[in-house]
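By letter and in written order, the chains are A, B, C and D; residue numbering begins at 1 in each of them.
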Amino acid sequence: MTAFSFDAVAAILLIPAAAAAILAALPNYKMTAIVNVIASLLTLLAALSLFVTERPAPGQYLIVDDLNIVFIVLNTFVGFTTSVFSASYIAHELETGRLTAPNLRFYHAMYQIMMFGMNLAFVSNNIGLMWVAVELATLTTVLMVGIYRTHEALEAAWKYFILGSVGIALALFGTILVYMAAQPVVGEGTNAMVWSVLIEKAAHFDPALLSVAFIFLLLGYGTKVGLAPLHAWLPDAHAEGPTPISAVLSGLLLNVALYAVLRFKLLLTASPEAIGPGPLMVTMGLTSLIFAAFMLYRRRDIKRLFAYSSIEHMGIIVFAFGMGGPLANFAGLLHMVMHSLTKSAIFFAVGHIAQVKGTQKISEIRGLTESHPGLGWALVIGVVAIAGLPPLGIFMSEFLVVSSTFARHPWLAIPLVFGLLIAFGALLLRLTGLAFGEPRGGTAPVEASYVPMYSHLALVFAAGVYLPAPLVAWFQHVAGILG
Amino acid sequence: MNGLTFDIAHLLAGSLVLVSFMMLYQDRLFALINVFALHAVVLALSVAWQAYIQDAHHLYITAAIALVFKAIVIPVGLHRIIQRLGIHRDIETAVGIGPTMLAGIGLVTLSMVLMLRVTPEADPLAREDLAFALSIILLGLLVMVTRRNAVSQVVGFMSLENGLVLAATGAKGMPLVVEISVAFSILIAFIVIGVFLFRIRERFDSVDVGALDDYRGERR
Amino acid sequence: MISTIALLLCGPAAFLATAILAGTVGRRASATRLVYGAALAISIALLVIVAGHLAGSPGAVSTITLPLGLPWTGARFRLDSLSAFFLVVVNLGGTVTSLYALGYGRHELQPHRVLPFYPAFLAGMNLVVLADDAFSFLLSWEFMSLASWALVMAHHRDEANRRAGYIYLVMASFGTLALLLAFGLLAGPAGNYAFDAMRAAEPGPLAAGAVLALMLLGAGSKAGLVPLHAWLPLAHPAAPSHVSALMSGIMTKVAIYGFIRVVFDLLGAPAWWSGVVVLLIGGLTAVLGILHALMEKDLKRLLAYSTIENIGVVFVSLGLALAFKANAMPSAAALAFTAALFHVLNHSFFKSLLFFGAGAVLTATGERDMERLGGLIHRMPLTSFVFLVGCVSISALPPFNGFASEWLAFQAILQSPDLPQWGLKVIVPAVGGMLALAAALAAACFVKAFGITFLGRARSTVVEEAHEVDRWSLAAMAVLAVLCLLAGILPGFVIDSLSPVTLTLIGDRMPVQTADPWLSIVPIAESRSSYNGLLVFVFITISASLAAFVIHRFASHALRRGPAWGCGFADAAPAAQYTAVSFAQPIRRVFGSFAFRARETVEMPAPGALEPARLKLDMHDVAWETFYQPISGAIDYATERLNHLQFLTIRRYLTLVFLYLVILLLVLALWP
Amino acid sequence: MAVIFELAVQGAQMLLVLLLAPLLIGFVRKVKARLVRRQGPSLIQPYRDLIRLMRKEVVLADNASWLFRVTPYLIFAATWVAAALVPTFAAGLQFSWTADLIVIVALLGSARFFQALAGMDVGTSFGGIGASREVMIASLAEPAMLLIVFSLALVAGATQLSTVAAFMSSSEVGLRVSLGMSLIALVMVAIAENARIPVDNPATHLELTMVHEAMILEYSGRHLAMIELATFLKLLLYVSLISCVFLPWGLASVGAGPEALAFGAAAYLGKLAVLAVLLAVFETAVAKMRVFRVPDFLGAALMLALLGTLLLFVSRSL
């Protein structure tokens, strides 16, 4: 039994790796697309099997616990739906000649490598390994962002690359510092990097070192999370890359970095005299929220708009985790899941919209609900969801965050509510322009599969009205772990 | 350990910081690159020394990488790029040399203060190394943000990364050090090749990142 | 035996099912009848259920908890006397509106943009009234806003409608956030969001004040209290007319329900000054709302503004009830509270009726601008008659229902001398004056509305081809007209059926009315004051018919048609008639200067010059210019400033990171 | 038996007001004429006018609607009911509790409402001018009236006219500043409501100055008769209102015997005469004011009434 369950973990890692190798070899793009989908599906199944099978004891490199199962399942699921979406999307790109067959081979291979990197980051029990995995995922996305080879794409990729590398460096230094803090207690060698060991002994680590380490880690991984003022790469990378990548960036990569931050936050909270991570995270969260909310107003590019909204929501999530406590943590987890689903759904819709309208300029897209009802209403529902209106999932998490915060620290709830309102105004303003009014722009028919986006939206809706009891219990347990 | 080994390690690390300072006041590209080569050499020495005193033989690989790759290959490559792309040879600085130096001194003191808060129980050598490494990293960042010119920014980044390697090697028995240094060398290669391969020359007039930035995706 | 509440919950479920169905078949021709028919049936069913409940055990409470919504609270629903009353209001409105829409809906050009959201809207309103925990309440509340927003956006090609929808939804979510904060306070750090837990908890005076303020912001913005009313006159008219009726007649009442539920039920004993606040806001809202209405020339916007006025009237009564309740004067509080609820019911009647009428005019002529209407009484006699009934009722004229409730409000005001606090002593009569002023202005306003729209001569050709509307619409309007009359002449029954509510929320009730001789209503004692709508109605009918009889018996029957006397000018063009603007001019002269900073300037041409003299009039919406423009301006400024951060160079971004790092390190270095 | 008697008294009062109203007008006109040394028409001239109007044919404007023809009866009925509900010679009649003072004011309000509508029905500019000015005046007069009602109710503890009258005639009233204020306010409101000088001139047909006349300009024949009669009733109503509230002496109390009623009737006639003379003198003494001075006039009334009410509140609390 144990053997099999270990297989599950291995499968999560090996399937993408193998698929990447195959895809790099396959010439025909149709086949690559299919293989891509199949591989993602298999990975998803493997991830789901983690529920049924019993978990391996945390090893030196790999670990499976309640916390990362949330992320793994979410990751593989969105990875799968995105691969489905990208199949139809990429086909269109090939027709319009924005991409060539070799590009596609590269693209799909990279896609699987990225999935590999992210899964590895989640299951890795070794902070060094985790660092490597996160960087792997980052670099692959860098390459995919630049895949169009246009001014904008190259520039976005370049910016992403430089800022990302600095982030990498900072994160690494943080990791080294953690090792230095652990080494006297745990002793030399790999053990001093094994998370499950660290968390037990964290109380005896040198608090000063840990504090410095956390600051570097927060900035390093925070760059990936896209917290202001470290966010600069995010909007352009979302806007200029292929839309499936934008979806993956917003839906998954940000979560990977967030996951890393959370792991280290736990380490910090375990050591009492060290600097409290809460205030730092709350501050960064609020800054990102309010900053992004204001930035939403002047956006002209539809994908950049939603990229900024991702920054906003990451701000909310980090704020919630920074607040801590069962309610806020629960809300943070819920919000993260809901945001991944919703935002990727929105990007699916936006991708098709940009294809049928032949532009990403907001000013040139009008009256979608009339010209393309399927896409238009999907966009409306998505934006309504992301803006935190019921009966969709994000409303529940925002409800919990705001009300619990107001009951505990009213003066913190005021800026939170302010930011939410500002962001809502901006999103709704753009939505009104995009979805309603005299139709404008191309009227090409959609040859898109609505399945991915509508399935996501359906899930979000379901979560908004009804959370199954086991899920709740599980989230509450995780929230408990997060303290 | 005896005092001598400690002093040598200390000396090497300290001189690394010194070289970082030298980078701060270079105003010619070639000079900067040469200084960086020196930086890499010193790094290689100190890594080798660490390998010796910890008798961790894998660290010699790291030292070798530092020596071959950073001290020779990269500088030569950068020379080539500069000639190919015909970049004018002096560095435009965003902040004057004087203020930069002052800022550098401030950063070094900051890192010292931070690291001296670390409890003495920790390995003293590690503490010193960390303090130096931190200051090297900060100085590297400082170079990156005060130089307008892509090549010098790359150089700044590489010096930052040298600081990382120093810290990593200073940490006794830290696993993956070699892998990490390899990974970083690849990263840097990427950056250098990026500067080159983006055929920036063809798209923009200079390698100045500012010029690269003048297209913002959404024009005002 | 399935409980009443479970039965009631089937209603919203059925509505939602209809909505989904409409979403699928919305484009079919038959969909309109199908959807509205279903809505009609469901509303009637709900009415029957509630009626049965009220007939059986009006005071009884029935609750249910579904495993939905917030996991550890569950979705709780509760039927008590208050929610029963508002269910009646909501579903009566739903019934007549669906009836009306059976005919009116056929004129809809894009039915698939209305049909799915109409039942959803009804479902939302029902759920708000039934919800028994903060989460389900807010969920239904915002769902209601969302559905109505979609309905406002039904005619989305019109720029004005899009703007209206935008402002509406932003204000709505502002309100929701305010409510959210209020509930956060009531729930406390432990976060028990069930209403009964909140009822049990006793918030401190500061928290209670904050909750009241937040409720005034949250529920007030939905109900349209000045100065949060700005969205209302934009959004209500923008929707299709039957939806406007729902929004103006019913949704504002749901907002009032929210206010009552929290302030009277959950919040516990009020402080006396809370009454002062509510009174002042209510009075201000009433007067400003009706003044705005008087200045309007768009029929539907006029109606929307008059909604604001009526909301103000209701809030005045509620404020009185708070003041009395705070001073342990339960009988007076019950009187004021009854007046408020009675007016809620009445307003839902006549405002729906009037919006239906406006919709009929809109379909017949395609015009909302009164300046292009006139003389419709000849083309649409039935519509004009029922509309007249609506106008009389809303102008608070006996023997119709509007007067009955306002009369009760005045009686409640007359109880105020027994209040101990000086603030109240001085404010209440002043507010009473404002109320009277509002009533008089309302009469003026609806003289104008009816007179300009239906009377006089046609001001444009659209009137010529106008024709009477279909039977469904007429039936709906007739029903409402009859209800207006009945509630006016038999107020005793309404008052008695309201007694369970006052008993639960105030702890006292008005004396039984229906037992009085001749069914007259006596708030306190017959020697003090009494009113008998029935007799007044009978007397007027008798004496009018008597007079008519005598005249036709003894006086001459001769009658000759002739041209109207034009003071010597042979028939002046219809343009020479008084217009809506000119009709309002005397009142604008009196009140405009402070209410709108209105200024009239006459541009006299030089002697001998040929161009005509011009009267220039400039008016300002004070609330808009004082509150909304500055805010939007500030946001604009901030975005403009911050937007530069999108256009920095990589080096500058790196500088940001670097500085942030250094700052954090400094913080750490200075950390104790 | 007693009920029959009560009903009889009630009916008597209704007939009484109906019959007295024209006489009151005639009396006022006579006195005014005398004051300017004219012979003046006879006292019963108003009756003659009414009968003459009844006999004449109706000239109806081409586009007058059914509303235009129904309105006169409505106005008449509403005013008559209102007038019949004000105690004239006896308080506490059978139906007096049908309506309190607020209802009476509102009844007059509905009469005005329909009159204004009728003014706009034909679609001439006179109707419009009349209606718009009328509602403007009303929008100030009605609040003033209600505030007066408040202060009365505060003194007497009721809005029921019979109770108020009984209370006022009782000894514990005494002289109160606020009552004086409300009296003055009531008089001003009455003047405005009845379209008397200085607010409006019932005798003129000069378009720019008239308000009430402008609205009914299109009426003729029996319709005009109804409206005229309603106007007379309104004046009577206000006069008897003032008399029963502020000089309630001699008012027969509830369930009084015939002789008391007779005395009450006599007293009532006396009060009418006095007040009519006062009105005539006042109207002869002052000049008509511009329409847009009227708001100031009524605003003064409003302020007086409010002041009276507030004073009462204060004195109450002391």
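The criterion applied here is as follows: a residue touches a chain if its C-beta (ideal position, glycine included) is under 8 Å from a C-beta of that chain, and two chains touch if they have at least 3 such contacts.
This one's a predicted model, so the numbers in the text were calculated from it and none came from an experiment.
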item	value
Both-way neighbours, i.e. chains that touch chain C and touch chain A	B
Between A-B and B-C, the pair joined by more C-beta contacts	A-B
Chain centre separation (chain B, chain D; CA means) in Å	100
Centre-of-Cα separation between chain C and chain B, whole angstrom	69
Rounded Å distance between chain A and chain D, as computed from the means of their C-alpha atoms	79
Chain A-chain B separation of Cα centroids, rounded to whole Å	31
Chain D, residues touching no fewer than two other chains	none
Residues within chain C bordering two or more other chains	646, 648, 650, 654, 657, 661, 665, 668
Where chain B touches two or more other chains at once, by residue number	114, 117, 141, 144, 153, 212-213, 218
All touching chain pairs, where touch follows the definition stated at the start	A-B, A-C, B-C, C-D
Residues of chain C touching chain A in the complex	67-72, 134-135, 138-139, 142-143, 146, 153, 156-157, 159, 162, 165-166, 169-170, 173-174, 177, 180-181, 183-185, 187-189, 191, 193, 635-636, 638-640, 642-643, 645-646, 648, 650, 653-654, 656-657, 660-661, 664-665, 668, 671
Residue ranges of chain A in contact with chain B within the complex	128-129, 132, 135, 139, 151-152, 154-156, 158-159, 161-162, 165-166, 168-169, 172-173, 176-177, 179-180, 183-184, 188-190, 192-193, 206, 208-209, 212, 235-236, 239-240, 299-301, 304
Residues of chain C defined as touching chain B within the complex	646-651, 654-655, 657-658, 661-662, 665-666, 668-669
Chain B residues touching chain C - in the complex, by the definition given at the top	94, 107, 110-111, 113-114, 117, 138, 141-142, 144-145, 147-148, 153, 209-210, 212-213, 216, 218, 220
Interface residues, chain C side, partner chain D - complex	374-375, 377-378, 381, 388, 392, 395-398, 403, 407, 410-411, 413-414, 417, 422, 425-426, 429-430, 432-433, 436-437, 439-441, 443-444, 447-448, 450-452, 455-457, 518, 520, 526-532, 535-536, 539-541, 543-545, 547-548, 551, 554-556, 558-567, 572, 574, 576-578, 582-587, 589-590
